[in-house]
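In what follows, chain A forms one complex with chain B and a second complex with chain C.
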Partner chain A sequence: MKLILDQVVARRGRWSFMAQGGFGSGIHLVTGDVGSGKSTLALIMARLFPPEQGAVRSEQILTVMLSAQFPEFYLTGLTVAEECVSWGLDADQILRAAGLCISTSTPPLCLSRGELKRLHLACILARQYDLLLLDEPFSSLDCSEKERLCTEISRRQDGITILFTHEQATFPHIDHIWEIADNCLVDCGVLPGALERWQHAPALVKKLVRAGRVPENLTSDNIREAACRTRG
Partner chain B sequence: MITLDDICCRSLVIDHLEIPPGITSIIGPNGSGKTTLIRLCAGLLDPKTGTVLIDGKTPRQTETGYVNEFPDRNILFSTVNDELASPLRFCHIPCKEITEIITTHAGVLGISHLLGRRMQDLSGGEKVLVAFAAACITRPTLLTLDEYDSHLDATRCAAIEIVQRQSGAIYIVRCTQQMETAAAGDYLLFIDHGRTIRAGTPASVFSSLSGTPYYPLSWRCLV
Partner chain C sequence: MQDPRIMLASAALLSLAAFVSIWGAFFALLWWLVFTPRLRTLQNKPAVPLMVLLLAAVAALTSLTGSNGLSYFFRMVVILLIGTWVYTVRKEGDFLAVSVWLLGRRAGFEIGMTAEMGLQMADALFEDSIRMRTALKIKEQVWGIRNVLPAGYLLVHDAIQRANNTADLLAVRGYRHGGTLCPVFHPLRWDAVGGICAAIILLTAVASEFFILYQ
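Coming up: the complex of A and B.
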């Protein structure tokens, strides 16, 4: 299973960026500054935004799901129950999965932003997709929910999962890091080596790398282990 | 001092709470009442019972800047320039002065390149940056920021932290799910199930949250 970006060029007004690379099975992390084009890249990968040049090719990818940055724009039900039904899912099961103690008759737009995000992600993660694109999945989630989401993402054994995020502290086990810098998608590579090339690494990770304690991965256990490691 | 007494509003119940001048961060689980508290302080909600006073004045008598947790709900005008100019126009500031203020303010926040853009064409993070710029461009007494950092990269977060300190606001009350940001404030509130569970300096509040996911990762991993 593979998603290939073949000399992709995207343009919006005077802004443009170029992407080249192959995304295989596993969990990929894409980072970049505000306005660097992460969401546009997610749309291109989901084939919802046509590149100006180049092509997006997929091998053995039959099902694709994009979790967009702002779930409030993609609601189709007037109540939580209707919203879940619109996904073909049972509302009570979804509320349990999301850890939400609310009535199924609650209008989704009356939920707090974090609660709405949890509902949205529970609907997305209820099914398995070959290609799962998550744009800012951690935004608005509280610390416990971020950890729970990481566990859920890590459970995905098959398929390609691509996270586009500014998150600095909570990550699942990541297989491959990419970043957008100077209007280009840069392949930082697989972990742990990628951490030494990753310009957008969280401050703590950069500090550990500088101190010669490169974490094995980005989970909080990996970071703690590296911080406590005795150099020898 | 911001004082809240006998508050009952939606799920939020506060007997007595004092928020000192400086940067106060509010943390807590989703749906715990953080946004309700922010909106009470900003005067966007009236409590069913109780009072909110900011140095003896009601919130609606206080100059306040507000950033909504939903980035698109901040947008009133079609262009970035109009979005920044409008709070100044409402204050009847002369046009020439408005242009100068916008140029300086946008430069400080690193958003000069966005001034000619349409709001709807901005990314989520860019919308938040513009909303933040509009909220503090009139140098309000109180700045209320609801999860403003959830779409910002680390560099922008650090820059905005400095701008907050230089904003001239006496009170900055902000919700965040980034514990490193919360740790950088002067005062910290932890809210759960509509109640203020802990209030104090970041060191004192986080010490009571040790062993929970709310404890800052950098504090667990001193390098």
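Coming up: the complex of A and C.
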């Protein structure tokens, strides 16, 4: 299973960027500054935005799902129950998975942004997809929900999962890091080696790498282990 | 057309001319062919064919009741073309600038600001509808009658929410009424020609209608 970006060039007005690379099974992290093109890249990978040049090729990818940053854009139901049904899912089951104590007849627009995001992510993560694209999945979530989401994402065994985020504190277990710098998608490689090449790394990770205590991965346990590691 | 004052005045005069008589509509259509980018103003405007269909339905009903539905349809389509042209070529701040120039810093500013907000809302609704279609595509649903009610509700809800947010923002920034703006315009000779032609078309339309009634 592989997603290949073959000399992809995207353009929006005067802004443009170039992407080249192959995404295999596992969890990929794509980072970059706000406005660097993460969301556009996600749309291109989901084939919802045609690239100006190049092509997106997929091998053995049959099902694709994109979770966009703003959950309200995905609403098509007038109640929580209708919204869950529009995803082909059972409302009670989804509300339990999302940890939401609300009635299924509640209009989704009456939920707070955080609750709506939880509902949306629960619908997305309830199914298995060959290619799962999560654009800023941590936005609008509090720390405990971020951790819960990381556990959910880390549990995904099959398929390709790609996270597009500028999150700096909470991460699931990551296999491969990419970043968008100078309007280009840069392959930083697999972990833990990628951490030494990652320009957008969180300050703590950079500090640990400089001190020679490279974390095995980016989960909070890995960071804590590296920070507490003693030489010798 | 570079001067928004002449653009808006021409649009108002031509719409009136098209509304008044069939000849006014005919000459307004000629004006549209000469002074605007023509079909380029209709590109990426999925609402235009829908509006034409709606007008055709109303025209058909008008014909069934014994009135001249064809004349109504032609005149309304010309008004739609003029309106679409203004919507396409206008730039952000045009309405505010013209309104302040015409009516001053208090009433003019408020009317202009309201018009600008309305246009922003129209743009946002268009963007929302595109996102909603993307959502349906992702959910493997087909855009149809079943989706109209929730889609309409969500669009209206978002529009009201945005209006509330804007009102809150204005209140937080201490807005009470009016405002200062020094609009600058750069009219071209071609703009003036277009404006004069639009005025002549309206006069011709009114005069022709007057003589028809007099006879």
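In this section, the second predicted complex is superposed on the first by the 232 of 232 C-alpha atoms of A that agree within 3 Å, B and C clash if a C-alpha of one lies under 4 Å from a C-alpha of the other, contacts with A are read in each partner's own complex, and residues count from 1 in each chain.
Note that in this section a contact is a pair of C-beta atoms (placed from the backbone, for glycine too) under 8 Å apart; a residue touches a chain by one contact, two chains touch by 3 or more.
Being a predicted model, the structure only gives us computed values, none of them experimental.
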Which holds for A:66: it touches chain B only (first), chain C only (second), both, or neither?
second
Touching partner for A:197 - first (chain B), second (chain C), both, neither:
neither
Would you sort A:207 into first (chain B), second (chain C), both or neither based on which partner it touches?
first
Of the partners chain B and chain C, which touch A:2 in the superposed model: first, second, both, neither?
neither
In the superposed arrangement, which partner chain does A:76 touch: chain B (first), chain C (second), both, or neither?
second
Tell me which partner A:229 touches in the superposition: chain B (first), chain C (second), both or neither.
neither
In this superposed model, does chain C or chain B come into contact with more residues of chain A?
B
Which of chain B and chain C A:86 touches, first, second, both or neither:
second
Determine where on chain A the residues touched by chain B overlap those touched by chain C, and list them.
72-73
In the complex, chain A residues that touch chain C:
46, 48, 65-66, 68, 72-78, 82, 86-87, 109
Given the complex with chain B, which residues does chain A contribute to the contact?
12-13, 31-35, 38-39, 69-70, 72-73, 100, 102, 111-115, 117-118, 136, 139-147, 166, 168-170, 200, 202-204, 207-208, 211, 213, 220, 223-224, 226-228
Could you pull out which chain C residues touch chain A in their complex?
128, 131-132, 134-139, 141, 147, 149-151, 153-154, 157-158
Flag every residue of chain B that touches chain A in the complex, lowest number first.
28-31, 34-35, 69-72, 121-126, 129, 147, 150-156, 177-180, 212-214, 216-218, 220-223
